[in-house]
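Labels run A, B, C and D following the written order; every chain starts at residue 1.
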């Protein structure tokens, strides 16, 4: 299998490390709002490892999905069959998300800034965009109402920018208490999980800071992909590599064709 | 009671007139491609197309030139990537400029709810700190009279026509749907006219045997149309799977305006109706989309005499 | 997953403490008399009782002295007449005065919805021209920012405890209910603690075989209690009918405070639990309440591999 | 059968005349919001006679009920089994009632005034009532949102009063355009169907006026039961008596025990 060439020597792809880092961050979590692709694989990996009681919630109206195959979209019929509850989107957004029952939401976007604000609307100006991106979907209200937000994004200089072209989804806005002061109920972004390193916002400014490097990644490689001088936590840790069990689950159970977990630029 | 069965051609001709607003809804499921294609075939123009996730069907409809405006909340080929025809229209005004109005998902759901329940607005916890309200002044904030907190509101949305695909209905239009319920009930009650397209027309007794499953009453339905595989390449829970190969194929076709037009020629303009489209797909392809068996159990409602 | 099965005695003792607000809900159906009686037996005091239609169960609970306050929208013995114990309390302060707060049905539903969805208010077209807002200042009017129309709003209601009766749940509390859905979903999501009482505990696989039928997820359930006939003399769709003879009987008993206390002695204080109450009713009486057979059909969800 | 003594000579009870009058008023109506008792029997009679397409809507969340027995309450399980659709009350109030899909609502109360305002809350003062009545239930929003309202009430002087003790449910408020001016969407009360006569509000004042006397009822009998000098329409008609078919349906199909249709004071 050419897509798994990189696995043959026992190594792993950056995407696999990213999935594993996200899954580990979900330890003990009860409810996660999931997108397709990497977040979906990460959540299912967590369910089989560190978060056995994790319930998967999809904005399509599904609670407690147990997909029997890798979902092709957040509305895959395999998310419905065998789920605990399937309801209208009105009920899902009102009673689960807005009520505050979602512990962690996994989100991504085209651009992120130092305060964890996200752009998934446009590159260029809003009225005459150079690139028209998908838009919010549920991201804006998910980031506002979920208790905590984890971002999963490939670390790329064009994505980690000094200034967003558009703020689709609020993070910590201009930092410090500016999010709280607007009365946003959710606590905001906690982690940015990338293919090279892990970041959090555990400082008074609520500014993104490097907390953990993945094995073999240098500080310079990280800095090169970020459009501002990124802070570092006082103590940097190194992420431990995927365990054989984690890799087995990803490669055999969760993404046997390597659609999302093979290495790719984006 | 009225027999509301119509052919899709009749239903589209009667209700989807030039210039109206149309919502073909269903969240990544139950997307009525049959209706979209019929609208293209009938050469409608200047439509306002409303849909949370425009998906391939609105990409095709915009490429075919039926639309003046788009109202949406997520513009993507789900699980695949971009909607290239829509991007060309929005980024380059090709083949023609396209007006648009953009919300978040819950904002769109809220607009349908307000429309369906004759409310002047729907309040929701969203948009705070986002740039969306600055580019769409329909999104406002009002103060709660209880705690003086500010909360976002969106206005009602009442499409001229809603088109809903479902598993089954009776000939009066009483419609049952299971799987992803999405926003179909809300948009149907919000719309001025409702066309229901189903895989099967069933006896009224089938509907009445499970009244909790009835999402849309015939009362608000103007036409009920039987079109098997009418949601292909989208899916219908329990009936067929999404034809993902086409979603991948469209990503290639739609990058090229000429290939796009050739595809429309071959699969829309040159086929008489959806039955012909289904024949052209071939039974092998459709058989591959048939799911295995996973029935619900029956529940007891009880006969009370 | 947690096994949330408890006895009714345990569940009431743990969650229904003196002074809390309790909503035993279900609109003229699924009324959990078993829970109400257990609250009386445990001698709770100073409760705020919330229920759209207080029905016989709150008439009994108020007569037993558990309540300090009542929140409601319709105070009647449905299809029969008055609730005499509640009328004595409200008209004559007997046996003790009872505070109350009154809404219309949709106002109460709206309060539950706002509570369930963390909204500061719920807008509805009601109360215009009524005296209700003058005697209940929780009912307010606000201006729409779109057309400057005034619309009524009600504030959220988040009961400390909701008690819901249903046909079935699994041991984690994932609950399925069919028939009159009332406001059970809304009040369950609004409440801080949820006790689900069911006719049957089923395997998780039964729930997962029909996910559209799941009204309340185990996620928000704190205790799940199996109590067959737990809604008697109210009814459970498909399981038993309303015992109308008791509704008529109560109209006579409840007119007399002494007969009311004798009834409570005999049917509540002197029976150990609802199983004993059911034995005391006798199988003949229960058999007469068993409906005939009227099953839904099964629907196909499809196995997608 | 003692309850049907009055039927044995081919005559009919005032309640039967009232049911028949209400049913006839529903000719051609598509949707009716129904309470138990007389309104329920009237609607079912209409369904079998002048309104074959009439759909019965109950506030308990039922649309298109076809009860196989006389319902004991608006939440009777016989309303559920075999109905077209059964939903949450939230959906029923929002999407059917508030949306304006209810053509006619049948309501009653303890007191009514000349402008069709209704009291079902208290006799006496609100805070210390002499009689605590049931309260609004859904009546307030039903009267506001239904396209048209028909009242069904026994004609009694204690019910037809000059001044309500409390306005639970708005009719035409203080008359003329006062209802419209407040922006109430529904058209308001159209008919008051009693056991002695029929009234409407077809005048500029929107004041209740006698339009039809039932057979054998005198103007004096009507005036005696109304707490204000009631208006009369320019032309008074006499209601034709129940037909044999109407009586047959009531007595055999709809209320074979005469629970609601035998004569009684209230």
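Rule of thumb we're sticking to: a residue touches a chain if its C-beta (ideal position, glycine included) is under 8 Å from a C-beta of that chain, and two chains touch if they have at least 3 such contacts.
Being a predicted model, the structure only gives us computed values, none of them experimental.
Least step count on the touch graph, chain A to chain C: 1. In terms of the distance between Cα centroids, chain B is separated most widely from D.
Note: centroid distance chain A to chain B, computed from Cα atoms, is 29 Å.
With centres set at the average Cα position, the gap from chain B to chain C is 37 Å. Computed from the mean C-alpha positions, the centre of chain A lies at a distance of 58 Å from the centre of chain D.
Counting partner chains per residue, chain D has residues 62, 76-77, 80-82, 86-87, 98, 145, 185 touching two or more of them. Residue numbers of chain C whose C-beta contacts span two or more other chains: 113, 118-119, 124-125, 149, 179, 181, 185-186, 209, 212, 237, 241, 291, 294, 301-305. Inter-chain contacts, as defined above, occur between A-B, A-C, B-C, B-D, C-D.
Contacts from chain B toward chain D in the complex involve residues 1-2, 113, 116-119, 174, 185-186, 189, 207-209, 211-212, 214-215, 217-220, 301-305. The residues of chain A lying in touch with chain B in their complex are 36-37, 59-62, 71-77, 80-82, 86-90, 93, 97-98, 117, 121, 126-127, 129-141, 144-145, 166-170, 173, 179, 182-185.
By the touch criterion stated above, chain C contacts chain D in their complex at residues 27-29, 53, 72-76, 78-79, 82, 86-87, 90-91, 102-107, 109, 113, 124-132, 135, 149-150, 179-183, 185-186, 235, 237, 241-242, 244, 247, 291, 294.
Contact residues on chain B toward chain C in their complex (touch as defined above): 118-121, 123-125, 140, 142, 144-147, 149, 151, 153, 155, 167, 176, 178-179, 181, 206, 209-210, 212-213, 237-239, 241, 291-305. Taken in their complex, chain D has these residues touching chain B: 30-31, 53, 55, 62-64, 66, 68-69, 76-78, 80-87, 91, 94-95, 98-101, 145, 185.
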